[in-house]
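One structure coming up, written as structure tokens, with questions to follow.
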Amino acid sequence: MFPFIFEWIWDPSHMVFMGGLWYALGIIGLGMTYCIVKAAVDTVQGKGGHDH
Amino acid sequence: MSTIEENTKDSVDAAVKEPGAPEKESEKIEPGLAQGSIIVSFVIGLAIALIIGWIVFPALLYSEKEQPFDFSHEVHNDLVDGCESCHYFRDDGTFAGVPKLWLCRDCHEEVQGGTADEETFVYEYVWNDREVPWRIYSKQPDCVFFSHAAHVVKAEMDCETCHGPIGESDSLKPYEENVITGYSRDIWGKSISGLNKKHIWESMKMDDCADCHKEAGMESSVQTKKDACFVCHK
Amino acid sequence: MKIDRRSFLSLGLGAAAGTALTPLPWKLTDDLSIWTQMWPWTPVPQDGETTYVNSACAICPGGCGITVRKVEDRAIKIEGMDGHPVNDGGICPLGLSGLQLLYGPRRIKSPMKKENGKWVKISWKEAIAVVSDQIDALRKNGEAQAIGCISGLRKGTTSQLLERFLLSLGSPNYMSIPSSYDAYELAVSRMHGRRMTAGIDAEESNFILSFGSGVIEGWWSPVRMIRAHSVWKEKKAKLVQMEARLSNTAAQADKWIPVNPGAEAALAMGIAAVIVKESLYDKAFVENYSRGFEEFRNMLLDAYSPDKAASITGVPSSVIESLARDFAGASRPVALYGRGNGSQPGTLFEAMAVHALNAIVGAVNRPGGVWAVEQTDDNDWPAIQMDEIAKKGLKSPRIDGLDPGSEKDPGSLVSRFSELAVSGEYPLKALFIAGANPCYSFPDSNAVKAAFEKIPFIVSFSSYMDETVEYASLVLPNHTYLERYEDVPAPRGMGKPVRGITRPVVSPLYNTRNTGDAVIELAGKIGGSVAESFPWGDYETCLQETFGEEWGTLEEEGFTSDSDFSPRSWEEAFKEDSGKFNFASAGFLDSVREIVPEGDDGSYPLILVPYDTLRLSGGYIGDPPFVIKTVEDTVLKKRDSFVEVNPETAGKIGVKNGGYATLSTPKGQVKVRVNHYDGIKPGVIAMPRGLGHGGTDEYLAEKGVNVNELIGPIPDPQSGFDGAWGIRAKLTRA
Amino acid sequence: MDSALIPNGVKRCSFWQFYLFIGAVGVVLLWGVLAMLLIWLKGLNQTNMNDAYGFALWIWADLAVIALGGGAFFTGFLKYIVGKDELKNIINYAVLIGFICYSSALLILAIDIGQPLRGWFIFWHANVHSMLTEVAFCLSCYFAVLTIEYIPLILENRQLDKVPFFHNLSHNMHEVMAVFAATGAFLSFFHQGSLGGVAGVLFGRPFAYREAFFIWPTTFFLFTWSAAACGPCFTIMLTRLIEKVTGKKLVKQNVIDLLAKIAGWMLLTYIIAKTIDTLYWANVTVPELGQTLAEFYSDNALYKMYFLFLEIGLFGFVPALILVTKKGRNNGFLLISAVILAVLGASLNRWVMVLQVMAVPVLPFESWNLYFPSWQEVATTILPVAYGVILVALSYRYLPVFPQEKALNPIDG
Amino acid sequence: MKKGHEHKNPKKYGMVIDLDKCTGCGACMVACMAENNVPFKKDESNKLDSITWLRVYKLTNNKPYPDTEICYLPRPCMHCEGSHGHSPCVSVCPATATDYSTETGIVSQIYTRCFGCRYCMAACPYHARYFNWWDPVWPTGMEQMLSPNVSPRMRGVVEKCSFCYHRYQLAMEKAYFEEREDLEEDEYQTACTEACPAGAIVFGDLNNKGHAVYKLKSDPRAFRLLERLGTNPKVYYLSSREWVRRQGDNYLEHEETGKARQKVHH
């Protein structure tokens, strides 16, 4: 699943598959990072809780 | 889920309306102080984990084992004609590996040099006709088929490429055994991260073999376009 | 700073983040999976130098050469020896599994004595002393003749040493276990007028009439015959198989003739009758080299006309006629005798009938036929020394009633052993067992066990814990054939002379001793003339002296052979005036011709026949784990044996395929499962030999039913051999 | 005792009543856990699987729960991508069911493999040509998405929501939920399809094999389609079940009606496609391989041909026709019957595509294989059900799963 | 330092089994077990849980007495080539534990890579793949006979016939040592081939005109199992009996044996 792994091949079928996979993982990862970071920033800024 | 605002409002209202709810205490903490302690705790946790992971874990993972006695490749190398004098090929092309007693016996029927290690060898092993239970640093697991002939004869590689300058060593390094797998540490390599490899002989994992095979243009596997599995596995 | 829930959580988060940045989780995951690849409880075979040792297989009398592959001092694989005259590289499943016998749990690891029903390990010195004391006592008591020996080793020096040992003690009761080969040899000897040994030049035959012989299922010399079968296929030779069941041989034959069980002899005679009637016989042979043909012809035409033969055999007369024409018309026909793997002797009449059939088409001493070769003594050992006790003992008759040394001597008889050993002219007081497992492999094995219980002193030389050892008082365990020197005589039916040798492929694993050495040592301990009869220091010396110059070749190659050998031509073979082939030899034309199976057909409407397969060893060594693994689930399922029943017969009884049934015969009753098999004659049920072992080997014991518990011997009035081929039986739904 | 955790404005049963129930289900769960441990410690010899039945009850359960858990992705797809906003009132529950189904599937897979400690090889050493690899990747990724979808619901618990960070996190996740849902839908289309591909690519097994449409066998599309059709049915079925158990109306009829209508049309189109596929397979693919349809069905009670008709007719067309008609949807009995039949249909389809594939002999001289699961297999298959019941119960008690509950069940006073 | 590996003459090892000669004795099964460290249990009568890389099937023509015929058919792994090495099992393995070598045409199985999902078993129509349901246990002493050339398998992985690939490895090792590149026909033979007392099994390079299998595979009696599926197996059978040849594949009633089109999978 990484380019340094034995089974990795730079060919179209792999690229399509791994492209899809990393695209999905990327979105999930970025999305969650965004949410967590923004939540942290919001919290520091005093948002949330009952002073909402 | 878009009903969150509504819900939140409800719950907040509820909390306000219910005095004496048990979780009041948490709200007493000053936000700044709380954040400070949170960051410090995080850093402490991080530091502890790093120490355990990089120092304690490797120390626990490998257990050092003594060889039966010390051996100098350097001394022997001067007396014989190259590695293959002792580490020879059998007639069927298989590699004999670490020599058996009969080969050493030619010279070591009696003590020659007088080191304590040689005495141990002669008295405990030669005279008792007992094979030396050497621990083999480069021993591959049972699933691996390694042909010395293919590498040394066919591919004309020299011993040092994979074994390093062992022939110049004056004594045996400690043998480190992975307590989980039972492997010699030389397979994974000294570096616990497995990253900073400078010489071929520093690790002997599948990927190390595969890199070289790929370089040599061996591509008989349908699945990986590298060398087929059965080339090195049995 | 206050350690509260949040900072604690934060500490944990930091630790988690930190851990992810160290090799710990990743290396641990990797190493744990490597651990599963190296589970300490999964063995890792040690590597080392590979060597090959040529030897011989001694599990069955097949006489194959083997090459054992070794890694350092471990034997890791048995293979057929390339270039060996018997098997040339091929090997049977049993032979391949020899190492499982060597290293297996069945081994007896030291001499043992039974004390209060329990085995106690003893030293060889003590063991030898115990035996010699017993023998001394019997001999002093004038009961030397009450010492017996049952040996599964038919020829070869070990059996000769054992026989010699008994004779030197003063007992005539050395009994080897006869097989169909002995019966055929006796038939050939009687018809040729001299002690003969018979070979079949099978590879050269092109029309093979097999009277139930499991040509590819272990008959006489299993691997050699399978190879011959392949030769037949290549050169399009015809094989016709005559038996009630579609055996593997029948399945591979060009024609399967389902014949009424037990009517094989009648079929042979019927075929001979057609040949005689239609003058298809080999006139050159019959007219010049035989006598008694007229009587033979008359008997045939009288008793075995096609219609009569058809009614006895159940084979249509047209089929008999066409078989006869094809057989007689073939350039190199041969007829084979001995049912299944040939372990059961059968009747002399049947053996003679088959041999007569060979003779009338001239298939004697010519390529592709039966080779009758004079028996020669194997050794020139010095004469046996006999003291007074021995001489006196030898005056007693044998317990099996045979007259040793006479022309009619079939060697030995064990068909009435269980009766005669305990209630014959004199009961046996001591019994040696070598290379045999009578308590398992003799028909009516329960009666055999009962007899064994009455014999006060039994010594077994077995290497393995088997049913018979359980009845012994003492075991002097032999090395396995992979740990000992021993000559392996030519296999049954091998036309050309071959001798093989087993050798210590590995050093003996346990405190065992070659039976040859044990006998020599025992003789020495007994002393006097007995000791003098064994002038060799040890067994290996005996072998070297016995084989003289041949020994060198045996040591080097693992076998000796004479590939150019051919039997005497008809002129040479029959040149002595009395030596003409005799169609009317004693006991043939006037003999009782059919053995009637035990049991009345009212209570037992069916007929049970045992069968042999190479996947089940019916002999004295039971299946090793690999071989029992190959047994099909229509033969053995968990602990249940299956019997083969024609669906029509099963339908009448009302037993479904795979259903349970009770099988009873006059000898016993067992629970079995039923395998609906189209390839068996209705009214006949078949069951394999080789299952139902006792003993302690969990890979073999308690699996299925021992068919020998259900059948019994019927002595052939002519020869005394066990002539039974089956028994009446009843099958009811359980 | 736990009133502080219970959402405001709703009524829940007493603490003791609730935990007695959890305890009872917990016993079943423990039974499953025991079986699971036995299997992990002693190996797969604890099952009745064999060399003919390499795939058996577990793989069926896997395929079935994933198909039925398909309600989550399809409802999400409808709400976030298609914009059927009413579905917000059932999506929490759909996500919860999806979460349970997918976590169960992963757990079963972890039990099912012979070497659980090497399970990560499927990712690390992935063979991208294998349908199972695709399944594993998409399944894990989509499970992550489901977790992400489930987390805000957890954070909405009255107490957790008071923590500012959690409140913000939940809020932010809601903001970007459409992106997650879209990713989830993308992943689901593929792994539902790959699960169909698992059987469809087996060109050594004519019973399973389907010819390829583009690069995927037709089962690829049929599986996605049937999951989209039957998953929402399962959601509706469980909604009705929880309503029955709690004795409350939790989701408004118009929401159910909308979901049922879409599911109905999906089911109808699916079953037509399935029929066409079956006809093509039976009349073209199979005869080309020298076999007839009849050879795939036996006298054995488990593998009779009427299962095919049952699947297409009673479990296919019947529920589809009920669900596409307004009358059918409005009749409570017909609606519940239809969704149950559809759920049975999906389960039967997965059963056939796993178990019967193993049972049908391919070599002419081999015979039918039969299999009956061991208690360990049954227990580990029931384990997720118990776990699901507990999770649903806990979620229902402590989280605002049904936004309409308060409105539909106003507390007196 | 390293010498390149020039790719020439790809080999395609295969087998021709003469069913007219096969006696069903079972020697091939045992030779295989002994050669390849195949484990055995106390009860092996459940054939669905009994590891026999090479299994001898008993075929019957299903006719009643006395027209019944039987024929034995040894079934090793077919080492299917499929199209371009995509055998039914190779492409489905999610962890690349099974692979096809274009150099030898052998389908490999790596036990230490396999994690036991059994998808390959579901894919194989020949039931040539076996799962280690149990830990292999050798009774005390019997582990002595284990061969170091084949690694024993652990519980929880799939195993199958490898065409005794280790013998190829050892033969090539010897060849390299003797500075040769090619093997003689007899240098690499499988254990079952060698053991078969009937000489019914012939093994060699199907691409090599000098090898016996090259000619035998075009024998008029030759057929392969389930050819129509497009598995493209490398094991050929010879039988002079029509009913046996017909049982080698599925045929519709009107179809003639051996005349069916093979499917090609891309």
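Letters are used for the chains, namely A, B, C, D and E, taken in the order the chains are written, and counting of residues starts over at 1 for each.
Methods note: contacts are C-beta pairs under 8 Å (C-beta built on N, C-alpha and C of every residue); 3 or more make two chains touch, one makes a residue touch a chain.
Since the model is a prediction, treat every value here as computed from it, not as a measurement.
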| item | value |
| --- | --- |
| Shared chain contacts [chain C and chain E, defined touch] | B, D |
| Least step count from chain A to chain B, where 1 means the two chains touch | 1 |
| A-D or D-E, whichever has more C-beta pairs in contact | D-E |
| Chain nearest the overall C-alpha centroid of the shown protein atoms | E |
| Longest centre-to-centre distance from chain E, chain (CA-based) | A |
| Most remote chain, CA-based centroid, reference being chain B | C |
| Inter-chain centre distance, chain B versus chain E - centres from mean C-alpha coordinates, in Å | 36 |
| Chain B and chain C, separation of their C-alpha mean positions in angstrom | 56 |
| CA centroid of chain A to CA centroid of chain E, Å | 46 |
| Interchain centroid distance [CA atoms averaged], chain A/chain C, Å | 74 |
| Multi-partner residues of chain E (at least 2 other chains) | 46, 50, 60, 86, 96, 111-113, 135, 151-152, 154-156 |
| Shared-contact residues (touching 2 or more other chains) in chain B | 8, 12, 15, 26, 92, 94, 141-143, 223-224 |
| Multi-partner residues of chain C (at least 2 other chains) | 32, 35-37, 44-45 |
| Residues of chain D defined as touching chain A within the complex | 123-129, 134, 137-138, 141, 144-145, 148, 162-169, 171-173, 175-176, 179-180, 183, 186-187, 190 |
| Complex contact set, residues of chain B against chain E | 89, 92-94, 141-143, 145, 147, 149-150, 153-158, 161, 212-213, 215-224, 228-231, 233-234 |
| Chain E contact footprint on chain D (complex, rising order) | 43-45, 49-55, 112-116, 118-119, 121-122, 125-127, 129-133, 136, 198, 201-206, 287-292, 295, 357-358, 362-366, 369 |
| In the complex with chain E, residue positions of chain C that touch it | 36-37, 39, 41-48, 69, 71, 74-80, 87, 89-93, 96-97, 99-100, 102-105, 107, 216-217, 222-223, 226-227, 229-230, 233, 246, 248-249, 251-252, 256, 258, 509, 614-615, 625-634, 636-638, 646-648, 678-682, 698-699, 703 |
| Interface residues, chain B side, partner chain C - complex | 26, 29, 34, 36-50, 52-54, 57-58, 61, 90, 92, 94, 96, 141-143, 178, 180-183, 192-194 |
